[in-house]
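In structure tokens below, several structures.
Two complexes are shown next, each including chain A; its partner changes from chain B in the first to chain C in the second.
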Partner chain A sequence: MTFTSLNFLFFFTIVVVLFNLIPQRVRVWFLLFASYFFYIDLMPVFAILLALVTGCTYLFTRIIANSKSAIGKHRVLVLGIIVIISPLIFFKFFSFVNLVITTLLFRCGLHVSLPTSSYILPVGISFYTFMAIGYLIDVYNEDVESESNIGIVALFLAFFPIILSGPIERAGNLIPQFRKLQQTTYSDLVAGAKMVLWGYFLKLCIADRLGLYVDLIFNNIHTYNGTTLLFASVLFPFQLYADLGGYSLIAIGVARCLGIIVVPNFKRPFFATSMSEFWRRWHMSLIKWLTNYIYTPLSFGLRRWKMSGIVTALILTFIISGIWHGAELTFFVWGLLQGIYLSIEVVTLKKRSEFKQKFCLNKNPWYILISCVWVFILFSFSQIFGRCGSIGDAFYVIGKILNVLGKIEWLKLMPSSLGLFSLTLLLIKDFLDEYYPNRFLLFENKNIIIRHLSYAFILILILTMGVFDSGQFIYFQF
Partner chain B sequence: MIMQKKEIIQTLTLIFRGTFGQPTLDLRDDLTANDVENWDSLTHMLLITNIENQFGFKFKLKDLNKMKQVGDMITLIESKLDIHPL
Partner chain C sequence: MNHLNQLATKILAFISLIILLDFTAGYLFRYLETKALNNNPQGMIAEFTMCRAEGDIMIFGASEAHGGLIPSLMKNKLGISVFNCSNDAKPFYYQYCMINTVIERKKPKVIIWSIYSCDLNTPTKRDMNSLSVLNPFYDTNDYCKKVINKKSKYENLKMVSNLYRYNSRILNLISNIFSKTETDRGYVALSNSGYKYPTLKSGSEDCGIDSEIVDSFIEIIKKCKATDVELILIIIPKFENINNSENFGYKNLIEICGKYDVPLIKEFYNSPIFLNDSTLFRDNDHLNDKGARLFTALLCDKIKQIRETKCIH
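What follows is the complex of A and B.
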């Protein structure tokens, strides 16, 4: 049962109705039951792992909260992080470590085969592991109180709208909401339904439509010329935005229909005028997590090195982020590139600020346009590494883009042309929201006719142009 | 020599202006990172380092979470410098 299946729509509707009919005192347990039902439906055995991580998180946070000794608390924190992150590392990196050791032994002349793991990565493991570690650290830092009700902790980690691909929530936001679950209000239901509708539009009409073309080209890089590869490389960031952005909106909207407010994950990223601003708008919950729990402690520890410390912390943080996406050299380069981009920006910050002030560029539309395009080029370039299967393929694509030009394969683009139309709608909406907020409203228009026509229009687009057999969301693999 | 709160704010203003490249920036208690251009998680650590160097004390990692706005920062600096408001 994924978000794009009909089963999910039935499941979600039943959950919302029952949630509002049952007494308040059992709502946590009902949502917990619904969340495990949702998760077990995907892969029953992995629910055991989720339950174990939950049990460990509960135990370690309670011990930290009740411990009087600072050293004791710190030891429990370290032990807790190791225990909670171990399954993620095992499932994510076992095959990679195995391969590295086997290769090294082979090069030394030893033909040794190590035991292999045939397990697939449990879906959502990265997301609930990150949330569990965040909760543990927040309790240690006394930013949140440790929750004594294990049902609430279990719901925090298993909450069905966000367990598969986030947004990565913090205990400080969700747990207080779970403590007082109220009946859903009409405005929550309407706001949630609007987000779900727009989310499905992004996923089915943009991401999956564009995916038909992008996947075709990237799966056959030796067949197509540089111009076609360039065009696919330009489309891929949009596909990714619509895919994870659409998923996030559905997740946030579903939660809202239960009266629960989940943090946003995207904020018009392609209108960012610098890479640092881009990363404050793209996959925001992951970046916030990386900032809070990796970058800040690292840069704080290295602050004696001043700028060099910040640059080191930045590059390490993004390399970790890259490796989290996959234990492959392509993701390492992807992370390294983000780190380099941001390091250059932070090092040149003062000079750039002086330059902008001197020529009054802050509100200059041409400067803003050029900056947005430049940020997009940098991100798209890095995504070639994120999209290609190997580092060799990535350099092959880049080489072909630079050297082997030709005509774009327009015929191959035909199935995705409707996706381009939908993408244009999305970019126009983002543009209006960015530069003319509250002036050109559709879903939020005060005029009931415009509002309902907008819903109907998007619904018709989804039903007529949506791709309903594309399978998973891109971020399920992480 | 014990610094007065006014002096702390003056010194802090110069640090903010220098760190974020905003020569006309004025501080107020409710100022947050959202209000100041270039103040983000990347430059925040530069700010922390500059404050430590200027005032001659060290923050703890936990202190960072307590500073939600400039007013919190001033209060924390006062406590580090052992200034007790009258």
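What follows is the complex of A and C.
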């Protein structure tokens, strides 16, 4: 049952209706049941793992909260993090570590075969593990109180709209909402439904349409010329934005229909004028998590190194982010590139600010446009590593883009051309929201006719242009 | 209570609006479809085959037949009219709908069906998705309805929407209203411009079979027999040397043809005439125009031979 299946729409409708009919005291348990039902439908066996991680998180947070000694608390925190992160490391990195060790031993002349694991990655493990660790650290730092109701902790980690691909929520936001689950209000329902509708549009009409072309080209990199590969590389960030952005909006909208407010994940990222601003707008919940629990402690620890400490912390944080995406060299390079981009920006921040002030560039539309395009180029370049199956393929693509030009395969683009139309709509909407907020409103228009026609228009676009059989969201693999 | 009434009214109004728009869109799409079919029938090959295509011999198959069999050449050799109804990348169930519909609408004398052993295998998700071209016929054609319902258990629900039936078709319809595809009664020559001649692939193949597909296959064979339509199955050459000795699907195909006495022309597949000359192919899977001419000529001789043998018997 994925978000784009009819099964999910039935499930979601039933959950919302029942949620509003049952007494308040059982709502947590009802949502917990619905969440586990949703997860078990996807991966029955790994629901046990989810329950174990939940049990450990509950146990360690309770011990930390009740512990009197600071050293004891710290020890429990370290132990808790190790225990909670172990399954993630096992499932995500076992094969990679195995391969590295075997290769190293082989190079040393030792032919040793290590035990192998053929398990698939439990869906959502990266997300609920991060949420569990975040909760543990927040309790340790006394930012949130340890929750005594295990049902609420379990719901926090298993909440069905966000368990598969985020947004990565913090206990401080969700747990208090779970403690007092109210009936959904009319405005919540409408706001949620609008987000769900727009999310489906992003996923079905943009991400999956563009995916037809991007996947075709990237799965046959040896067949296509450099110009075609370049075009696919340009389209991929848009596909990713519409895919994860669409998923996030559906997740946030579904939660909103239950009266729960989940943090946003994207804020018009392609209108960022610097990489640091881009990362404040792209996959915001992950970046916030990394900032709070990796970058800040690291940069604090390295504060004596001054600028070098900041640069090291930045690079390390993004390398961790890359490795979080997958145990591949491609993701390592992807993370490294983000770290380098941001480090250059940090180092040159003062000079760039002076330059901008001197020539009054801050509000110059041409400067903003060039900056946005430059940020997009940098990000698209790094995403070649994120998209290719191996580091060799990534360099092959880059080499071909630089050396082997030719005509774009327009015919192959035909099935995706409807996606380009939808993408144009998205970019216009983002542009208006960015530079003309509260003007040219459609979904939020005060005129009911315009509002309803806007919903109908998007629904028609989804039905006529949506790709209904593409299957999964890209971030499910992470 | 007022609050609930207000909500219910709004939802009802919105649903009414959607139904109205869907209904209107259905009319619009059907209009566009007719216009496209009138302007460029060859570009709307599925609709054209369903509603209008005629010929004493009708050819069915996927891309290998689309660019592999030349109707005008066949007409010269066999003296009867031929139409190539093949459509690129279309799986067994598509052919099932087309053949059944054509037999009922305009009974041809001969049906030539290009088939491979793997066609009897369980269809992939991609195969099933490619059947969406049949969606507009859901209400009017029982074969299409049967096949579309195999896609998922909710397909009948999705088909309530006119817009969904024409999902992803808008550009195709518009382009066929404004452009014309030139074909030789369905045949489109494949050239090697931009393509190198392929290198020979070799290996072995083992395809499974799907019992539902086999049943449907036998259903067509029986229908042809019952309606006195001569069914000839062919395996079009590919530029690959495949060992089929362990191929379950291949063995089954031969067994079914033997059991129901259906001619299966397979001698040109894996034949040295084709395997020794890469210039006959556009790529490993498709003959080019030169290859199609040679294959069509050889096939016509073989068909003549089969028909003469039948007359003697």
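The definition used in the following text is that the second predicted complex is superposed on the first by the 478 of 478 C-alpha atoms of A that agree within 3 Å, B and C clash if a C-alpha of one lies under 4 Å from a C-alpha of the other, contacts with A are read in each partner's own complex, and residues count from 1 in each chain.
By our rule, a contact is a pair of C-beta atoms (placed from the backbone, for glycine too) under 8 Å apart; a residue touches a chain by one contact, two chains touch by 3 or more.
For clarity, every value in this text was computed on a predicted model and none was experimentally measured.
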First (chain B), second (chain C), both or neither touched by A:Thr464: second
Touch count on chain A, higher of chain B and chain C: B
Contacts of A:Tyr247 with chain B and chain C, given as first, second, both or neither: neither
Touched partner set for A:Tyr295, first chain B, second chain C, both or neither: first
First (chain B), second (chain C), both or neither touched by A:Phe278: neither
Contacts of A:Arg303 with chain B and chain C, given as first, second, both or neither: first
Partner chain(s) touched by A:Tyr455 [first = chain B, second = chain C, both, neither]: second
Touch list for chain A against partner chain C, complex: 6, 186, 189, 414-415, 417-418, 452-453, 455-456, 459-460, 463-469, 471
Interfacial residue positions of chain C with respect to chain A in the complex: 3, 6-7, 13-14, 17-18, 21-22, 25, 125, 128-129, 154, 157-158, 161, 163-164, 166-171
Chain A residues within the chain B interface of the complex: 141-143, 276, 280, 291, 295-297, 299-300, 303, 306-307, 309-310, 313-314, 342, 345-346, 349-350, 353-354, 357, 362
Chain A contact footprint on chain B (complex, rising order): 20-22, 37-38, 40-43, 45-46, 48-49, 52, 59, 61-62, 64-65
